[in-house]
Every structure is written in C-alpha cells, then in structure tokens.
Amino acid sequence: MFNEYNPLEKKMFQVIDNNGKVLDKKWMPKIDNEKLVTIYKDMLFARTADLQIVSYQRQGRIFTYPPNYGQEAIAAAAGVHIKDNDWLVPAFREMGTMLAKGVSLKELFLYFMGYEDGSAFKKAKNTLPISVPIASQLLHAAGIGYAIKYNKEDKVVFGFVGDGGTSEGDFHEAVNFAGVWKVPVIFIIQNNQYGISTPTKMQTASESLAIKAVAYGVKGIQVDGNDFFAMYKAIEESVDACRKGEGPILIEAVTYRKGAHTTSDDPTKYRTKEEEQEWEAKDPMKRLKSYLISKKLWSEKEEDSILPQFKEEIDRQFIEAENYGPYPAEDIFKYMYSEMPDDLKDQISEHERFLQWKSTKVK
Amino acid sequence: MNMVNAINDALDIKLAEDKSVIVYGEDVGVEGGVFRVTEGLQKKYGAERVFDSPLAESGIVGTAVGMAVAGLKPVVEMQFCGFIYPAFNQIISHATRMRNRSRGLLETPIVIRLPYGGGINALEHHSESMEAIFGHIPGLKVVVPSTPHDAKGMLIAAIESKDTILFMEPKRIYRAIKQEVADGKYTIPLGKANVLTQGKDVTVVAYGAMVREVQKAMVMAKEAGISVELIDLRSVYPIDRETIAKSVKKTGRIITVTEGPRTYGVGSEISQIALEEAFLHLEAPPARVSGYDVIVPLPKGEHHYMQDAYKIFYEIEKTVKY
Amino acid sequence: MNMVNAINDALDIKLAEDKSVIVYGEDVGVEGGVFRVTEGLQKKYGAERVFDSPLAESGIVGTAVGMAVAGLKPVVEMQFCGFIYPAFNQIISHATRMRNRSRGLLETPIVIRLPYGGGINALEHHSESMEAIFGHIPGLKVVVPSTPHDAKGMLIAAIESKDTILFMEPKRIYRAIKQEVADGKYTIPLGKANVLTQGKDVTVVAYGAMVREVQKAMVMAKEAGISVELIDLRSVYPIDRETIAKSVKKTGRIITVTEGPRTYGVGSEISQIALEEAFLHLEAPPARVSGYDVIVPLPKGEHHYMQDAYKIFYEIEKTVKY
Amino acid sequence: MFNEYNPLEKKMFQVIDNNGKVLDKKWMPKIDNEKLVTIYKDMLFARTADLQIVSYQRQGRIFTYPPNYGQEAIAAAAGVHIKDNDWLVPAFREMGTMLAKGVSLKELFLYFMGYEDGSAFKKAKNTLPISVPIASQLLHAAGIGYAIKYNKEDKVVFGFVGDGGTSEGDFHEAVNFAGVWKVPVIFIIQNNQYGISTPTKMQTASESLAIKAVAYGVKGIQVDGNDFFAMYKAIEESVDACRKGEGPILIEAVTYRKGAHTTSDDPTKYRTKEEEQEWEAKDPMKRLKSYLISKKLWSEKEEDSILPQFKEEIDRQFIEAENYGPYPAEDIFKYMYSEMPDDLKDQISEHERFLQWKSTKVK
C-alpha cells in the first residue's frame, strides 16, 4: 500500500466510491459483518452526538464546540485499531476515537461545559486531553513514542492534527524527531480543507500534505478520509508497520468539515454552497451506509429505530453533565503542583477570607 | 462605536493613508478575523495588503520582522494571547533587538495585535493575560486600551511608531463599551497613563478590561465614603512613573488591579515604583489585586479567578483602613 | 568539586539509580554538552539514555512532555538561556499544565537545565538572565543554585520531583567556585531559601552568580560597619516568603540583587513581599540592584550592564543611610 | 538543472571533480578568466582572514569565533551573484558573502571583539547582521521576499542556514511561507555535516536536505558545496528563477567544516581523523586552484606572493578594530527605542551617579 500509494505519485488511496461500491477488491479489508455494523453504529452515535451538541450549544447549554460532522470515518477507523494500551494524542476533533478509547460522552460534555474534570478520563487509559494549541501535541506523541521504544513495549501512538496544523513549526519538529528516533507513531492529518476560514492551499504550496513525509524520511500516504474502508486499511497497515519498528507513519486523511469550525464560526463567510454540495456527495456515513445496505447489513428502518435510542442516551449523559455540581474554588489550586506551595495555600485562604467578606456584602 | 469598530477604523485609516501598512495573520483576510476586527478590510484594500497567513505564529512575527526591515509596516494579529507563545523567540530575539543590534541602522516597526483576557467563557488558552512577561522584554512596548476612543488613537500611534509594539486588546470589552469616537485620524501618545478620576484617599492603577471593574468598585467606595483616584495605565511598558508618583504622593495609598497571575506580575512593579518615588508618603503597603498563581480555569471555575468589583473594593477598603 | 562536576555527579547518581531518567538535548551526548556538564554520561549509560537530539528546542521540551506522561523522567538541556524561547509554548502551554488540565491524572516530571547569565564574554543571546518571565508561569518551578553543593542537592531533588522544573545554572560560576561536595546522594528541598549570613542592618536577597558578588560587597560593607544579612533565594518560584519576612522584620531594610532586566524583574516581587509581610518594619524603601532595561551588551559593553560588588555596596549604603 | 537534478533522484550537482577537472562541460558556467581569478583571490583572502582570526583568538585578542574554513566556495559563489540591492540574510558562517556585500573585515572584527558597532554596516546595503538564534533568520528572508514582491522590485534575498538549522520549526515555517507567497528567496543550507558535535544524520531521517523542498512545493537542489563552479551555476540559475517569479529555491550545499564549530569547540571529541582526511581531498580552494593552475590562470608563485599582502591587510584592519576605542555607557541604552523612554533616561542618570560614586571609591 505504502509503495503503490507513494505520495510522490499523487494518488489518493481509496477503497470504495461515493456510492459505496468497492473500487478494487485487493484493498478491501477483512472485517466481519457484525463488527462492521457495530462500527457503523458507533459512527452514527458519534455523528448524532455531534449534531446534538451543536443544538445544545444553540440553546446556550454548552460553550464553544468544534463539530466533527463529516469527518467521522477517520476517527472511527482509528478507533477500531487503537488498543487500550495504545496512546491517543488528540487535537480537538476526534470524538469517535476518544469514545472508542473509553472517554465517555459525559466527560466530553463536562469539558465543553467548562469543567477540567472532563479531561480526567475515568476509563480511557493512555489518552491525553484535548490539545488546543495547534500542532503542539504532536511532539507529545513523538515523546511517548520514544518511551514506548525505550521500554520495549508493544504499543502505538496515534497523533492527530489538522491541515492548518501542518504549517506550525511543531508539526515539523515532531515528525522529524519521530523519524530520527524511528518510533511507533502514526501521525494522522485530518485535512478537512480549512483551518477556520483559511483553505489548505493557503497553508502550503506542497502538492499534498502526505508528501511532506519525504522531508522526514518516513512513510506517508494520502487517503480518502471519507472512505471508511480506506482509512481502516491504511491505519491497519500503519499499526502493523509501527509494531514491526517501521514507524513513524504520516497519513493525510482527505475529508471535509461539513459543519462550522466551531459553534462561534460562520462558514458562509468563506465557502460556497457549491463546494459544500460537492462534498455532500462524499459524506463518509452515506458511503458506508450505501455499502452496508447493498450488502443487506443495514437498512433505513434499522437506522430510524436506533436513532431515538441514541438521542436518548446522549441526552441522558448530557443531563448528567449539566447536573455535575459545583466547581470548588480549591480545584483551581489543587493540581498546580505535586505538593501545594505555601504561596498557593495563602492564596486559597485569601480567597476564602474574601468570599467570607463578600457574603456579608451581597444580599 | 465599540472597540472592535474603533480598531477597524484605525486600521482602515492607516491602510488608506500609508501604502506600506500590511495587515495579516490567521483568518484576518476573507473572514475578517475571529473577532471581526479586520472585517471588510481585505475587500477594500486587496489581498496583497490584508491577508490570511499560514497557521504559524513564529512565521507571522518572523516574516513581519523581515517586512519591517525592508520598509513595510506590518500589523499582525495573534488570534489569542494563549497562542502568541510560538512567536516568543521572534519577538524577544529579533523584533525587539534589530535596532539595538545594528546600532540604529535597521528598524522593526511592527504592531502585534493581541486579543487577551478572560471572562468570555472560552476554552483553555483563550483567556490569558500575560502582559507581565512581555513588559519584561527589553525593546518591546506593551500597550492596552480601555475604551474605543483610546483603542483607535493608540493603535494609530502604534502603527506610526518605529518601535515594535504589542497592542493588547481586552476582548472581554470588545463590544461591551460603546462610545462616540471622533472621525478621522487622531493619536494618543504611547507611554502616558490617563488619570480617569481624581481622588484623594487611594490610587488605583488598572488597564484594559479591569478599568471598568474598578469603576464599578468605585461606586461601592463612594458609598463607603472613600475617594479613589483611578489611573488607566494604558502602557504596561514603558510605565508612566511620573503620573503614578504624583498620584501616590497625594493619596499615600496605591493598589494595582490586573488579570494575570500574581507573582512577577504588573502589580509588584507598580508597587516598587511607589516605593522608589514616594516611600515617605506611604500610609499603607502598596497592594495588588490580581489573578492567583494558577492556570486560568475553564468557564465553570473562572469566577474563582477573575477580579470583580467586590474583590477590588475589598482591597480598597483594606488599604484605606490599614 | 566545581559546579559542572557537581551537576554531572547528580545526573550520574540519578541515571544509575533510576532507569526512567533520560538525559538529552543539543550536543549533550557524544560531546558531553558545550559546557561539558554531561561529559562521560553517554559512555556510561548508553545512547538510549543520554543522547543528542535534533537542533530544536520546542522539539526537545515537547517530546519531554510526551516522555514524562508516559512515565519517563526526562532531564533536558537548553544550550543557553537565550535559546530556550522556541520552547516557550511547550513550557507554558503543556509542561506546566498537564497535571492541572487532567485534574492530576497526568504528570510531567521534567527537568529543564538552563545555563544562564552574563560575564563570560559571549556572543549575543549567550548572556541572558530571564528568570522573571519563567517565574510568572503558573505551574513551573524555577530554581537556581549558587554553589556546587547546592547544585548537586537541588538537581537531585529536581529530578525526584513530580513537577516541571526549570533548573537554571549560573554558567559564570560553573568553574569559578570549588568546594567539598558530599559523595553519594543527598537532596536540598526546592522552594526554601538559605540564610547564608546573619546580619542586622539590611537584608540582601540574591541567587546564582550574584551571591558571590554580594559576598564581595559585604567585605566593603563590613569595613563601613554595615551588617548584612544575606539570603540565597535558591528558588525564584515558589518564593520562600517566610524566610524573607523574618529577615526583613529584623533588619527593616531589603535589597534584591539580580542580573536580568529591571522592570517586571525579580526585585520588585521581593519588595512586594516585604511590603506585604513587614510594611511597618520598613525603615527604607525595599530596593533592587539589577540589569537595566536593555539588551545584554556584547562583551565590550557588558561591564556597563553587569552588577558588580561596587554597585551592590552602593545600594547597600544608600539603603542603610536612607 | 532543477529538473535534471531533482532532489528526488538523489543526485548531487557537480561540475568539477576533486582535482579540478570538469565533469560535464554542459554545466560549466561562463565566467571570464580575469573575473575568475579575482574570485579566487577573494576566496583566498577570506580563508586567510578566517585562519588569522582563529590565531588572534588563540592569542586572546578576540572572543569566540565560528570559522568558515572549508566552506568558502559557497559564500564566494553567493557573493559573486548577490547585487548591492539584493538582500543578504546571513547565519554566522558566511564571511565571503558578507565581504562581497561590502561588509568590512574591520566590522566583522569589531563584532567578534564584542562591539555592536560591528553590525552597523557602513557600506553593505540590505545586509542583516549575523543571526545567532538558529534558523530564525530565514523568516526574515521570507518577509523581505514579501516586501520585494509587494513593491515589485527586482531584488533577490539570500538566506543562509546550517544543516542543524533545518531541524528548527522556523526553517519549516520560513520555507513554507515563502512557498505560499512565491517570493524571490534563495534558501541556502550549508550542510557542513555537523551542528556543533551532532552529525547531520542525527538531525533528520530524510534522504537529503534538498529533498525537503518537496514539502513546500518549491524548487530544490543538492549541490556539491565544495565545487565552486557548481555553486556558481546553481545560484546563477536560482537568481534567474527568482527574478522571473519562480522562487523560492532551496539549495543544499554539501560541504565540510574543516575547522572547529567555534574557537571554544574541540572537534576531536566527535569526529575522526579519517573523516577529516577524506574531506581534505574535497577542499574547495584546492579544487578551484587546481582548475586555475591547469588553465594557467594561477600559480603557486602568485599565491605565495599575494598571501603576505593579504595577511598585512587583514592585520591592518584587525589592529584598527583593536584600537576602536571605548564603548560609551549610553550606547547600551540609545538604540532600544526610536525615542528613549523616561525610564531609560533615568537609568542612564542612575548609572552616571553610580560611576561618579565609584570613582571616589576605586583608587
């Protein structure tokens, strides 16, 4: 795969077309039917949650949120392959992978409602919190890769970044360090065509993002990120390569952010209806669904019957998050150091004295 | 006119007047910036003069250094204070040193616009107020307007300056304060503080969004019979020692109100100036109201961190009763 | 043993004792670092544990964050204080936040070794002393030894800490002070200042290479009949308020001596602490001896910038005579 | 040239061999004999100065200095092509180009003696001072490139960096910005095999440094940096391309730092005698000299007779620099801002008061 789809040859790796038809059987991954349906359901769950969050946001029940809408195949494919002990180093648009890793929707809700507690993942092992400073997290992925290699562990790191993120110096340093160290990291660029309002062609003059792998002497491949099977296959082979010590790998997953950048963003300012429609035809969920329906593994009816359950479950977790309870003042101090310095203790007391005083002033 | 409009107006005036002015940064072109501060400017002045850069802050400031030495006047935007750090090296090692390094031969007239501060229910890294670390960088000027009127006049002055200027914009009050703003061009000299209210019991120094909080506290103070002299610092560096000295000699008491973390913050420097200029006049220890030495919390915890009118009044009362 | 040997010894002890300790940075492996601090360690512990990284400071600190969350204890070197800035974002946005961000789930026990300071006739960017900006970063600890003995004990403590620690090494006295240093392992708690000399007329706070300069000034002070209490701060953050408070209550006078630029420097913070803890005991304004607010000059001009014993004594005399 | 020596094909562009024999006439640049001899003399002058500085340093008459020894062909070739109005953005190992641009040896001496005045170039137009923070200067080159394009000027920027410098994020951002903006910048990587003690292979796993051009969609080429003619030709074509709006260009100039990293460095710690000897055979001066001698354009005798003149001139400028005179205290304040803030004025007065006082104390 890496040879046939060498990024220098400017071919994008695809397995199914927009209608869910298999293009070349050779690349079709072997996934048993039941599992495939489960995966589809997980994607559907993630998409439903994503859309629902946006509507919670509209109701003023949650703060800024970056939708995943349209990019579900990438996160799902990574989610299938990532093991409990593997490491996930997310950016902020990988809900599907986070859920697969064991992060709960409730935790994500808490985070976007403004609680750090939402990043204290109860069940997701080896999962870093969402990283906001663009591309910076990729260096963490490279460092974790070093630790894995040093400890001779059988683990892989999944590091995510956006197309815009490839312009940052940290992207360069991360893939370069990983290349020099030969560590098991899969760098996945979600090329969703925009960094906020800035199109990918304004980020770089390079022919693709995958081709940047050459600059670091690592394997690279451009994949149709809206083609679940292509992403599945590409990640499968990447994981294998990493486990054999042939990492790192750079995957450019070509996709489209169907929603806004965040709930504060208005995409009509910078992109056209035509473009959006063009990409609508490539929607990853539709493509996978078409495949499943053609194989009689799924039906609109099943979808209609499962959606209300999903919505209910999402709502349940959302309401749990909404009722999460107070945020104690000391929590802003407690986690700064392994042991609290006296200065911070004093600041807590000061804060308490102030609140005490304030309570006498505010009726 | 609110502060967003006022800044836009200042940019518009300078773009119209001076062909060497170039405005760029992440999403400032087509979209007009995430806060819409540069809205309409690309349409008006073209994509050569107002444009979206690749997503790389060191790249933005570093190329601005190059443009500036070659005679342009770049006005660049860092999207949030929390994202200026990748540009730190270019600021501290080059933008602020070129003149000194070349003994005056080269100049780097760059304006770095930096929306900063909390209180907007934002994600992590979107609420920071780290002016103190920039104030400590020799060769940099760090200014902060507190009203639309000041924002316009100070930004025009900044663009006309030959120095590298960090122009910090209190995004919390971007749209909160509306005010008549004079048409056309005017400048407000950088480095001069503004005595907003004369008073006699205590001097309060603040800037940016904190000015408004102090004003709220002053209502309480007035009720309690305390007369506050309010100084809008306007410039974090250089500091207008004279205005501070004069005021604290009169009041004998001084409090600095800032948003950022406390230790090595702006407050202690203002206190030091009071010490150096007016030790024998002091009737209470120069004090500070500031953030705690912690990460700005996510929205649900932010109220524990932010300075509100009560906290300021609390400190005023303590200082006056000392 | 000089400070270079002492630091090497500390690294050696921790590398021997703890397999999770990893030492890397630019040229620290084969060459043993440009100051030879890591000399011999790669030979002894292998190139997996002590090695040369690519030339990229953000890369070094950023990968250290990753290693640390995955259970290693990276001890990385930034070649000079002037070259740490590309790593600023990784320090302020991640190394110092991971624990808070994850509510204690993740830890980043990283030691960043940072040779700093002037007086070595070096090129531009090789003589800086910017501890104040690091002291302002919530979540970071910033420590500075002033002797070989302290360097060893403090570095071992730093490596054993679960926090991210900026370990600043006063390179000017790397080889200038020799001292008996105890064999084997010992630690010196981080965050505690050290009262080096008891005195009664004035407290002088210093750290790193400045301690020795103060000691020279104390000879002059003694001749002039002035009794100086010398505090080696040791930790720029957190600051040992208690030790400072106790001392200034006794002497009524305090001076802080630092190398870095003045405004928003360490001095004003120490003064503020004196104000907060001992206002009514003060007999003179808390003062500071520091660099000016300029770029550290190249060698031929550096004497205009550096704090020497005379300048310190000058300030001591002024303060005592106030 | 850029096509035939596409960096993806892993060929290094060479014109003469180690003995100064032309390998392929097609690539031999047309340089008239007189000019060629002048160029050689300039190179010889630069090398002589370089070696002499190292000996001044050993005598304690100058501080740390980074020798150019062995890398002279690169700087010379750039020096021939750079025009007065073109911009030079040096790192710190490009003496030949700086001299060609009009920087005087005396200025360089002043700089390395510790006077900022040495960077206030009296005659060299459009020349930035030496840049110490690795790779950071390349962004200035990109920005200057933008200004040139914006002002529609017929100028080119020469931006230098070392092999080690390619690992920094700023390298990535600079070439990337230049690529997106399509600005006339020639990025020249002096790959002298080491960044202090760190060999290039530990900087990156990429097959070459030239190949990194692909990541930015710009032209790139690997050139034998010890082959003056190859460097001449490569830069000539790069300048042409830039003037036609086809920039930026990335040149990897393969060379060897024959000296120490700086006068404080000891290369025996990290490289072998064998390696040094191997490179000795490729010395750029020897190769050009062999060529010139074979063409009867130069002789050892001429060299012997000119060297003393060079040494004398170098010494003269050095002594002038040594007698440069005092460094006024106010110079450390004067250039910080366009107008001096009151605070700095106060600090000057404070300093004067202190000196006044000190003069009464020090006998």
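General remarks:
Think of it as A, B, C and D in the order they're written, each chain with its own count starting at 1.
The rule is short, and it goes like this: a contact is a pair of C-beta atoms (placed from the backbone, for glycine too) under 8 Å apart; a residue touches a chain by one contact, two chains touch by 3 or more.
No experiment lies behind these values; they were computed from the predicted model shown.
Between chain B and chain C, the least number of touch steps comes to 1.
The most distant chain from chain B, with centres taken as the mean of CA atoms, is D.
Rounded to whole angstrom units, the spacing between the C-alpha centres of chain A and chain D is 44.
Centroid to centroid, with C-alpha atoms defining each point, chain C and chain D lie 35 Å apart.
Chain A and chain C have centres, each the mean of its CA atoms, that are 40 Å apart.
In chain B, the residues that reach two or more other chains under the touch definition are 54, 56, 58-59, 82, 85-86, 89, 93, 100-101, 124-125, 138-139, 239, 263, 293-295. Each of the following residues of chain D touches two or more other chains: 116, 133, 167-170, 173, 176, 180, 202-204, 331, 336, 343-344. With chains as nodes and touching pairs as edges, the resulting graph is complete, every pair of chains being joined.
On the side of chain B, the complex with chain D involves touching residues 22, 48, 53-54, 56, 58-59, 61-72, 74, 86, 89-90, 93-94, 98-107, 138-139, 141, 161-163, 191, 238-239, 241-242.
Chain C contributes residues 26-27, 30-32, 34, 52, 54-59, 82-83, 85-86, 121-126, 262-263, 292-295, 297-302, 304-305, 310-311, 314 to its touches with chain D in the complex.
Only residues 87, 89, 116-117, 119-121, 128-129, 131, 133, 136-148, 150-151, 169-170, 173-174, 176-177, 180, 331, 334-338, 341-344, 346 of chain D touch chain B when the two sit together in their complex.
Interface of chain A with chain B (complex): residues 63-64, 111, 113-116, 132-134, 164-165, 167-170, 195-198, 202-204, 264-265, 269-270, 327, 329, 331-333, 336, 343-344, 347, 351, 354, 357-358, 361-362.
Of all residues in chain C, only 58, 82, 85-86, 88-89, 92-93, 96-97, 100-101, 124-125, 130, 132-133, 135-139, 237, 239, 260-261, 263-269, 271-272, 275-276, 279, 284-288, 293-295 touch chain B in the complex they form.
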